[in-house]
Every structure is written in C-alpha cells, then in structure tokens.
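The structures considered in this document are given below.
Next, two complexes with chain A in common: one pairs it with chain B, the other with chain C.
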Partner chain A sequence: MSVTLLEASSLHISFGGVTAADGIDLEVFSGERLAIIGPNGAGKTTFLNICTGYLTPSAGSVRFGGRDITAMAPRAITRMGIARAFQSPQLFHEQCVIDNLLLAAAARERAWNPFRPLRERPEHDEMLALLELFGLADHAASMVNELPEGTRKLVDIAVALALQPQLLLMDEPTSGVSSLEKFRIMDLLVKALAEQGVTSVFVEHDMEMVERYADRVAVWNSGRIQSVGAPDQVLADPSVMRDVIGV
Partner chain B sequence: MDPILLVLATLDGIAYAALVFLVAVGLTLIFGVMRILNVAHGAFYAIGGYAAASLVLSISDADFSPWLSFPALLVAAMGVGAALGLVIERFLLRHIYAKEEVLQLLVTFAAFMILEDVQRLVWGVQPYSATDPVRLLGTVDVMGIPYNAYQIILLPVIAVMVLLGLRWFLRRTLSGKVITAVTEDRETAIAMGIDARKVFTVTFVIGAVLAALGGALASPTTAIQLGLGAEMIVLSFAVVATAGLGQVEGAALAALLIGLGRSFAVYLVPELDVLVPYMIMVLVLLFRPQGLFAVAEKRRI
Partner chain C sequence: MRLVRYLPAVLVLAVAVLPLAVPWLKIVLTVALAKGLAVLGVVVLLRAGQVSFGHAMFFAASAYSAAFLMRGFAGADLVVLLLAGMVCSGTLGAVIGLFVVRYRYIFFGMLNLAFSMVLYALLEKMFHITGGSDGMAVGRPTYLGLELARTSFETALFYTSLGLAGAACWFVHRFLCSPLGEALSAIRTNETRLEYLGISARWILLIAYVLSAVLAGLGGSIIAVNQGVVTPDLGYWIRSGEFVFIAILGGAGHVLGAFAGALIYELVRFYAAAMAANVWQMILGFVLLGIILFASRGIVGLYRDLAALASGSRSHREPLR
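Then we have the complex of A and B:
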C-alpha cells in the first residue's frame, strides 16, 4: 500500500459562500479501499466530481497515475481509467441491463459498427460473467427502469467495472439497499474489486460499512480533511464521533 | 364524395407523406440526439432536389441509359447530404453545442439563409425538373384512372424501407444503440466513455442524407425552385411537433396524417390546402402539448 494512484493537492472550491474544499490533500494508494466520511454537505461528492472532471477546482490539482487530470474532460478521464458509480444510478433506463453493460464495454473498446447487432459483441460473455459476479445474471434482459433501486445501484457498479477501470469511485454504494442485503452486496463488490485489481474510493454514511470494508478512512469536515487512517483508529477518535457521527 | 376521388386523395396523400416523412424523420433524429432544431434541414432538401435534377438531366443529355437516373437520385442525395452535413456540423454546430437554444436556432437559420443564396448562385432562379424516373416506371390503373407508379409504389416503398431500416439500426446495431443511448441520457453516455461528438456527427449526416433523399425523390414529380426548402422545413416542423420531438415511428404516422389531411383538403376545400397541416398540428398540440407519441419528459434529479 505504498504506490500512490491518485493524489489531490490543496484543492479549493466553493459554491455561493459554502466552501466544499478548503485545501484538501488526499492520496489514494494502489489496491486499497478508501472510505470518505463526513457530515452532509461537507463536500465529499464534490471531491468525486472533481476527480471525474465534472467540476474544476478554483485552486489545486488532481494527479492520476502521475498525470495531471485537473482540467481534463469527463470522457478523457474515464478513458484514463477512472470509473464512477453514482448515488442515484446513472444508467440508460429504457434499455435492458445487458445492453447497458455492452454499451460500456463497446465504449471501452472504442467500437463502432453500424451493421452488427450490439448483442453480438465479443464482450457479451465477459459482461454476463460480470453480472453473475453480482448475482444479477437473471436480470440481464430486464429493463433498467423495472428494477428496484438497490439492484439498479449494483448494475451501475457493474457498468463502471465493465470499463475495466484502475480506480472506481462510488457514492454510497449500498444506500437504498435493504440492511439485510447490504453486507451480501458489499461482500460481492469487494470480491469483484479484488479479482479485477481495482482500487476504490467510496463515500459512505454507514459506519458499519466503513469499519467492515475500508482499508483506510478519511474524515471530510468543513472543507478539510480532519483525519485519515485505519478505520478502528479514526472511528475511535471522540472528536470524529462528535463532529461526523453526531454522538 | 365520389369514391374515385377518395381513392385518389388517399394515394396522393400517401405519396406526399412519404416525402415529408423522409425530411421530418431526419429532423426529429437530429433533435433527439443533439437537442438542436435544425432549420438548415430545409436547405438540404432543396439542394438534394437540385443536385438530383441536374444529375438526371445531364445523364439524359449525355445519352446514357435513362435507367441510370434511379441510382443518380441516390448518389445525389448521399453526396449532398454527406458533404453539407459534415461541413455544417464540423464548422458551425460544433461551436454552439454548449450555447443557448435560441442561439442554436438562429445559427441554423443563418445557415439556411446562406444555403438559400448558394442555391440561387448555383442554379439560378429558373425551376428544374427531371421527369425521367416517373416516365420510366409508367402508370398503374387505379379504378380506371392511370396513376404514376413512381408516386404510388416507389415513394411509399422507400419511405417504409427507411422507417424499418432506421428502427433496426437504432434498436439492434451497436452504432444505433449508442445513438439511442446518447438520445436518452447524454451525461451518462459521457460518463461511460461514449464519444458523444462522433455520435453527433454521424447523426447529423444521417439526418442530412435523409433530407437530401427527400428532395432528390421529389425532383421527378415537382419543379425544384427557390422557396421549396422553406416550405418543406415549415411542414416538417409541423410533422415533428405533431408527433412529438424525437419520435421516429411517430414522425411516420404524423407525416401520414398531415399528408392525407392536405390531400383531402386539395380535393374538398382547395382554399385550405396549405392551412390544413398546421390546423392539424395546432389541434394536436392543444390537447397534447408534448405531441401525439412523446411521453412527457421525466424530471431528472
């Protein structure tokens, strides 16, 4: 856990008087699972937006694999190997599950063919295997808009993995999933990440998830990183408990 | 109404609807993907017509087989559509995708006006017509009245082929699915790494070729002259608005509705023939402002 994959330095950004990032320095190491916690509106999602090119910070930089990606366009960043799963799933809701994955895989391969059917893509089996990994193989032909929210979130993560990223950014991967299901789903996800060697960052509100699945946790508070370290140490800190979790 | 007139009005309406559909479907496809209402579309229609008529006339001047005029119509449409579509998308529209809709509309309107002058410069003010294709296909008797096979068979068959081809392309093929995906949600497409810019170029060229094809196929049946483009763009706006923006199958049905409405007006109340398509549009929009076939836009958070 020593090779830096993503490095944010002195990020500043504010929206109409609210400072979401006020000198953020944060490193993500290759192969780890980093959780970001913090009060609502602290700027955690803003960080994901900066890393994927949807927002440009007013100061500071983000480097990925040694390259400055601060002002790059979202698509260029995706192509470099950063994929993202959203808090509310960003999928093509009027297409079926397997087509969503195939479209992502085709974009990854830069494929373009006006005559061959999408379903005949060579990545078809690979995508089915990916669905299988999440226990979603039965839903391959289901329309996205017919699926429950929790399942859609899984599909969204599967689509992100279909891009074969080096780094996966997730915004509350199990919110909207029943508490009975969330551990099973996270177990599957962690297994998938490990199998594909994907580094991950996830914004999380559920401390149980952080304790169980994060290698490190960063506490984002009032635009700053209040502390960063192993979950058992950080979560044992009384000031973190007070400021973030509210107890 | 005399049953023969009824049949004739229906056949006229279908033939006209076939041409209008080709133009309108390109317009609606471009709008669906790019969210730009392309006024220059009317010019693609007119220039497609001029180019086809010129090509067909030069084929008959050169004493080549007149049957070559059929491929000539297609070649003219593809050439005009691809060339104009590429140039306008690359050098004009690409700069205004992030701009307001009003500005986009004005820019495509400006392009329309410029292309209108180009037509005047290249083809002058006299009308062009090249009737070889109509003559070659002869007539069929409909209840004892001879009718152009070109209009009652070829045009509707081509329109249906285009409709089925587009459906297959958009629903099955990789590129078509990518275009559909960008239509549904551009942000998600970009997040997946889909090249939206390429999708825009391809869509615009497809739309432009369809409009030029409409013009090329119209050239054997009508005189191509100045003002034709303006007339067609307004009519196809009516079709697209009636169907609902971005609706491919809807455009076919709306074109049929408006085509038939217009041809029945020609036989029944000729004073109103120009007005009827717009009356249909206004009536539809009063009751369904989103158009006949569009689902009201869902709010995305």
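Then we have the complex of A and C:
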C-alpha cells in the first residue's frame, strides 16, 4: 500500500486577477516519480512554491509526512526533508562545484564549527561520489559561473540531493539542455533518486520524458488539476492532448 | 621572485622590529593595529556584501567601557579592559545586530550609521556621565599585574596589539574558510539557495555581525589605553567611514589587507599631516582615488598581481579569504 508523503488540500492562491491555484488537491506517494504537466501559466511552479514555503496559499493546506507545513519558512521545510531544484539553477556562483555541495552537506549535518575548513568536512568523499553519479567529478574544482547551463542544472540537482531529502521537487530539470543530453541526464537523475530512495515531483513540458520517466502524471490547467493517473492513460486522453498539449 | 613571495612575512617582521629602532613609531603603529582590528570587522561583513557605515559605535563603546572601568577600578589590568571591551561590544553587536541583519545593502549601511549616531549623541549629550565632548581620561592600567612606566607600557601595548592582530587574523581566516564563512559569502551570491539549504541567512549574518563588533571593540579598547583619553569622536560617522576607506585601501581579498591598509593609512596620514597640515585629507583622497581607479582590489590585489607577475603565471581573482 502506498504511503502518502505530501498532501495538498484545496489550495487557493491568486495574483491580482490571475488564479494560479484554484482548489488544488494532490497526493504524492512515497517512492514515486510524479510529473506535472500543463501549459505556461497553469500554476505548476506556483504549486512548487507553495510546497516549499516560498508562497503561502490564501486557503488550503500542505501536509508533509502528516505535518502541516503550509505557513512554514523555506528553510524549515528544507530541514524537514523537502529539497528543491530550480528552473534557473540557484547556486553560489563565486564558489566551486564541490564547495556548493559541501555547504549543503554542512547544512544537512548542521555542522558549524568555525575552526574546521569546509573542504576538510568528512562528507567530502560522499559529495565527490554524488558528483560522480552525475558524471561531474571532473568539474568538482570548477567555478560554477564557468559551467554551461546544462551542467549547472545538474549541479543544482546534486546540491539538492546532497541534503538527502525525502522529497525532491524539480522545475523543468532538463530545460535548456540539448535533446541528446536530456535523456542521459534523466537516466543519471533517476539512477541517483533510486539509489537514495528519494521521492520526486518534476515539472516537465516534454511528453516523451514524462512517458519514459514518470510513474504518475498530474495535468495542470488554469490553476486546477485536470487529471491524474498513469502516463499512458493520461496522455491518451484527447482532452489533455487538446487543452494542454495543443495537439 | 622569492622576495615577492616572502614580502608579507618580511613586512610583518619589519613592523615588529621597527619600534625598537624608532621608538616613537610604536604609538602610530599601535593606532594602526587598533584600527586594523576594527577594519577586519568591516571586512568580515564585506564578505557577505554588506558595508557598515556605523562600526565606530563598537569601537567607541568598548573604548568607553575601558574608561568607565578605569574610573571605577583604578589600576584595573589591561587584560580585564580588553575582555570587558570585547564583551561590551559583542553584547551591543548582538542587540543591534538583531535589527540590522534583517536589511541588506544601502539599508544595512544606513541603519548602522543611524545606530552609531544615536550612540554618538548619547556620549556627547550625557556630559555628567561621559564628560561630553571633553571625553573621559583613561588611566594607565597594570599589565598582567605589573605597574609599568609609560614607555614600557607603550612597548608592551604595541606587542600585545601585534599579537592580538595576529590571533585575530588567524581566527578570521579560519572562520571565513569554515562552513559559516562560506555561508556568509553565499549571502552575497545567492541568499535564495541558502534558505533552500535550510540555512538562516539572518543567523549567519548575525554571527558575523557579532564577530565584527567584537573585533571593532578590541580595537577600541586598545585605542583607549593607547591615547589615555576617549571622546565621542571615536563613534562619529567619519570614523566609521574611515574604517570602510581602509578596508577598500587594503582590499577585502585577505585578512591581512585590513592591517596593510591601516598601516599605510596611518603612515600616509601621519606624514601628510606633518608635511602638509592643511591638505592632508586631500592627499588621502588622492590615495583612495588611485586605489579605486588603478587597483580596485586594494593592496592585497596589488600584491597578488605582483606575485603572479613574478611567478610568470596569470593573475587570478581568488574568492575572498
């Protein structure tokens, strides 16, 4: 029986005249990979923002592991076990790749000894292994701002995984990456998620990626969930193809 | 090439032995070391991209704590005065820090300035307690229980200041390399990601703020016993600006920059004031203009460029340490 890890109930939020969440009800089950699809402006990123504490809904609640996290700050939610990778990579661009990961590891361990250099942290090998998993070990000493966009997206995901979260929320993990590269990246990502036993939710526009990598798919449209189910069933629905994908 | 490599060590040694050859220099050098400690505090905050235009308040607060202690307990020891100054400035830093770490950039700078001017006004107006603009005399404390003559005390104070400056450099360097220091740097580059790592940027900045206040306080205590008098001018905004000026002059790229900047500033000021009494501020202004226009990374940056040139490698912009 599937255990509910994240539960969103009756979420509402509006920005001026635009309703970005209009009664969102969604459960995320432990161990699954849930894809969120929908047209631009449907409220997909808003949902991630609410789940990670960046936005507070005007109504409704979000529960994680049975605990209400609706009004919590992002850092408190992160400490509970929800990590996030962004559409535009959010990294410390004046630091090298390994330092970005080590800082995440130090935050995870809450290790703030002012006399112990970050690079001498015991998690150093663990972080190198994580980079190895993504094929980034050669970039460990590279400055983040010198890396191409696709590599930075991977580093952003690796930083989120360095927190050893229970749930990872990703906003278009392969956008900005060449079509040849994105399958390789997703293969690596799925492998990393499986190794760490991390549940994931990812926003995606590429239906081929959804079919290939998602266990379930939720279809967003105008702040509402149009349908939820297995990818082959949902993507076979003509209304989804017409309203969301435009085919 | 080797000379360039060992230049910092040679200069530190020169500073240590110079007062033996030129005794009157020890007063100037002690002032430079005291200011260097306060500038080091400013440099810690620069690491987070925040500029404080009010750090002289911690300098003044601890200087006055030394004056009050000497008034209440004549013959108090220097160690007690230094510790009391650090506790006083650290406590004040923790209280004020709770407010200012909520703000960034110009608001952070201006709020610090506002708090420092409140302290300045209190010191200036409460003349029954603080002596107003006349200030308070600070007697000569004992040194580790010994009552030293003036010259001996000045020598002891200079070497104590030098030792404390070295210890502060070591500690701040370790701090900046630690996860706390790296998180502090991350405030400047991406506060959003910091929050999404579960780290409170405000707490990190508050810790750094208290550390910077303690460093400024340590400098304030030294200046109080070195001068033998404290006045509200120690907390005036011009003094805070002076610390920022020296931080830019020295360069925020290395902890030694604070002391290199303070030494050059004090020597330029000393000689400019002696040789061109009416235009010494203008000379300092031109020095700063030269640094900003031609060596934006300060003396530390100049040294690194020189070292890179000597070794034949390309000069690189290292992260702040």
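Keep this in mind: the second predicted complex is superposed on the first by the 246 of 247 C-alpha atoms of A that agree within 3 Å, B and C clash if a C-alpha of one lies under 4 Å from a C-alpha of the other, contacts with A are read in each partner's own complex, and residues count from 1 in each chain.
Everything below uses one rule, namely that a contact is a pair of C-beta atoms (placed from the backbone, for glycine too) under 8 Å apart; a residue touches a chain by one contact, two chains touch by 3 or more.
Only a predicted model underlies this, so the values are computations on that prediction, with no experimental measurement involved.
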| item | value |
| --- | --- |
| Overlay on chain A: chain C relative to chain B, clash or fit | clash |
| Touched partner set for A:117, first chain B, second chain C, both or neither | both |
| Partner chain(s) touched by A:49 [first = chain B, second = chain C, both, neither] | neither |
| Which superposed partner A:74 touches (first chain B, second chain C, both, neither) | both |
| Which superposed partner A:88 touches (first chain B, second chain C, both, neither) | first |
| Shared contact residues on chain A - chain B and chain C | 52, 74-75, 78-79, 84, 90-95, 99, 102-104, 106-108, 111-119, 121, 159, 163 |
| Residue ranges of chain A in contact with chain B within the complex | 52, 74-75, 78-79, 84, 86, 88, 90-95, 99, 102-104, 106-108, 110-119, 121, 159, 163 |
| Of chain C, residues touching chain A in the complex | 174-175, 177-183, 185-186, 188-190, 192-193, 195-200, 319 |
| Residues of chain B that touch chain A when the two form their complex | 169, 172-178, 180-181, 184-185, 187-196, 198, 301 |
| Touching residues on chain A, where the partner in the complex is chain C | 52, 73-76, 78-79, 83-84, 90-95, 99, 102-104, 106-108, 111-119, 121, 159-160, 163 |
